[in-house]
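After this come two complexes, each holding chain A, first together with chain B and then together with chain C.
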Partner chain A sequence: MSLVDLSNVVKRFGALTVLDEASLNVEQGEIVAIIGRSGSGKSTLLRCINGLEAIQAGRIVVDGTVVNEPGTDLRALRQRVGIVFQSFNLFPHLSVERNITLAPRVVKHVPNAQARELARVALRKVGLEDKIDAWPDQLSGGQQQRVAIARSLAMSPHLMLFDEITSALDPELVGEVLKVLEEMAREGMTMMLVTHEMGFARRVAHRVVFMHHGKVWEQGPAAQTLAKPNTPELETFLSAVLH
Partner chain B sequence: MTYSFQFRDVFAAWEFLLDGLMLTLLLSAVTMVAGLGIGAAGAAAKVYGGPWVRRIVAGYVEAIRNTPLIVQLFLVFFGLPGIGIKFDAETAAMLTLSVNLGAYSTEILRAGLEAIPKSQLEAGRSLGLSGWQVFRYVVFFPALKVIYPALASQLVLLMLATSVVSQISAEDLFHAASIIQSRTFRDFEVYAVVAVAYLALALIFRALFALLHHLLFARR
Partner chain C sequence: MIRDLSYIDVLYLIAAMRWTLALTVIAFLGGGIVGIVIALLRTANWPPLRWLGALYVHGVQGTPLLAWLFVFFFGLSIFGITVSPWIAAAAAYSIYAGAFLGEIWRGCLQAIAKTQWEAGASLGLSTAQQLRYVIVPQAVRIAIPPTVGFLVQLIKNTSLAAVIGFVELTREGQLTTATTFRPFTVYLIVAALYFALCFPLTRWSRRLEGRLHVAR
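Presenting the complex of A and B:
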């Protein structure tokens, strides 16, 4: 069974249909890059997967949980699905350690001493162990984003969602964040990432998914799909972003 | 002719002043707790409540903010007995001041809740926190920090505004001053003394709020 299974998902905001019968499967250990024009529904797709947005039709199954059912325990699901946003969204009033240990402590009831160790391990993975006692506003954008990744990792998720996590960063800081993702890829984490970094998608992703008008328009193995698109829409999109 | 100041008679009545001061402090303390409680409920209702709840709370807030405190006080103390609801002066004072502060603090606390970006709430929910936990661990502290100066000012204003209760014969600091004035006819001295007393109280309140601010928000 796929780790993520979306079938014919319809999401509307009022009269606007943002996801239009989108279907997509992601297997355990797979890395899927999601690309597409602004407004094509990429962020919405990720937000539906962890239940931040309710859908109007279709079916979403994640890690064995049907997301869009009335009785679904979304809190339990979200402990297994990490999401990292473009704007980091660290909690400004908490130290790096507290940012990372908040959910383990209050959701999983991990004792304080153990939680600090958890933070240390997560920070080591993103190369920021020395920042455990820093505050978010003392960190660069790239460091903040790596802490946000560590915060998700500390919950030991089965799936990670990344929504344009390098788009708000200065170009020279993009590399350090992508390096963390590559390391996670090597460790076998299942990842869905919305990205504009085509080079990164080609290098790290197993599969590329092109969203267009709220549909999964075209998908296939990363290198092949990016080199030889099947649809004119993807071809147009690629020539626009690659020049 | 030069006026000769005579503070002796005023200070001779210090027990009066002290009793008055006690009621002023008690009124301020009770009202702060009750008023902030009302304000917290009002703000939560305004931000998270349904349309009807929001409308009712908005009506309450506007009614209080657009009428004079002394009129509210008279309505409760002299008006309500007319329809069979009677309070003693102290109770009427506490009730009116609490309802009054409740309206102002509803608006202040609401602004605090709304100052927290939605993305913060989503980050909390995405980590598996419940709605209450998001409020408790993600929203509460930063929201309090945003509104702290406004809230502290409002509480100092409230303490000063308690002086209005002397108008319904509640025996607060200002009431004591009026009594002493009528006995000694030392108008300037007595009102100068209470003015300084209120000033000192206000400064002490502000100092305490500043200390609390430091304890709450300074980084360890």
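Presenting the complex of A and C:
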């Protein structure tokens, strides 16, 4: 069974249909890059997967949990599905360590000493172990984003969602964040990432999903799909972003 | 009978400050409890709760505190319920302060970006945990200056409790004036005593604001 299974998902914001019968499967260990114009529904698709957005029709099953049912324990699901946002969303009133250990301590009841070790391990993965006692506002954008990734990793998720995580960064800081993602990819993490970094998508993703008008318009193996798109819409999109 | 203003009168005025202080403490505690409830109602997800909160705030902010004091002290006695001045004052001031503190704190809660709630939710925190560990600690910092500002207003508004029999600072000033006929001096002293209460608070709030730099 797929780790993520979306079938005919419909999401509307008022009169605006953002997802129009979108269907997508993601297997365990797979890395899927979601591309498309702004407004095509990429971010919304991602946010529906961990229940941040409620859907109007269709069905979403993640890690054996039906997301869009009234009785679903979204809190339990979110412990297994990490998400990293474009704007980092670190907690500004907490140190790096506390940012990372808040959820393990409060949600999983990990004792304090053990939680600090957890933070250390997570920070080592993103190359920021020396920043454990720093405050978010003392870090660069790239460092903040890596702490946000560490914060998600500390919950040992089965799936990681990345919502345009390099879009708010200065160009010279993009590389350090992508390097962390590549490392996670090597370790076999299942990842879905909404991205504008086509080079990165081609290099790291197994599959590219192109979204258009709220639908999964075209998908296929990354290198092949990006080199030889089947639909004119993807071709147009690629020529617009690659030039 | 008119007599001279002496230092004894000043001591009486200073002593009367204890009622001003006691009323302020009661009003702030009662108003604080009501205010928390109102702030949570006003920020609730379920619209009827928000309406209920709004109704309360607009109702109370649109009526004078004096009217509430009268309602509880004199109004209830019409129905045969005798209310002690303390109970009446506690009820009236809690209702009044609750509406204003609730509005102040609602604003502070809403000033915290929605993405902070989302970040907490995404990590598996419950709504109560998001409030407790993520939202409230940040909101408290921005709430301090306006809350202390309101507290200063509250200190001065305790003088209204004189109408239901409290001999607090202002009322004591009136009584002293009546016996000494030195209104200018007496009320200057009264003003100075209010200032002595309020000014340190404002200074302290300014200090806290600096120390709890909003970012952390």
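Miscellaneous remarks
The working rule: the second predicted complex is superposed on the first by the 243 of 243 C-alpha atoms of A that agree within 3 Å, B and C clash if a C-alpha of one lies under 4 Å from a C-alpha of the other, contacts with A are read in each partner's own complex, and residues count from 1 in each chain.
Please note the rule applied: a contact is a pair of C-beta atoms (placed from the backbone, for glycine too) under 8 Å apart; a residue touches a chain by one contact, two chains touch by 3 or more.
The shown structure was predicted, so the numbers you read here are calculated from the model rather than taken from an experiment.
When the two complexes are overlaid on chain A, chain B and chain C occupy overlapping space and clash.
Once the two complexes are overlaid on the shared chain, A:N89 sits against chain B and chain C alike.
Residue contacts after overlaying the shared chain place A:A103 against chain B and chain C alike. When the two structures are aligned on the shared chain, A:R186 is found in touch with neither chain B nor chain C.
Overlap of the chain B and chain C contact sets on chain A: residues 50, 52, 75-76, 78-79, 82-83, 85, 87, 89-93, 102-103, 106-107, 135, 151-152, 155.
Interface of chain B with chain A (complex): residues 119-120, 122-130, 133, 137-138, 141-142, 145, 219. Only residues 50, 52, 74-76, 78-79, 82-83, 85, 87, 89-94, 102-103, 106-107, 135-137, 151-152, 155 of chain A touch chain C when the two sit together in their complex.
Of all residues in chain C, those touching chain A in their complex are 115-116, 118-126, 129, 133-134, 137-138, 141, 215-216. Residues 50, 52, 75-76, 78-79, 82-83, 85, 87, 89-93, 102-103, 106-107, 135, 151-152, 155 of chain A are the ones that touch chain B when the two sit in their complex.
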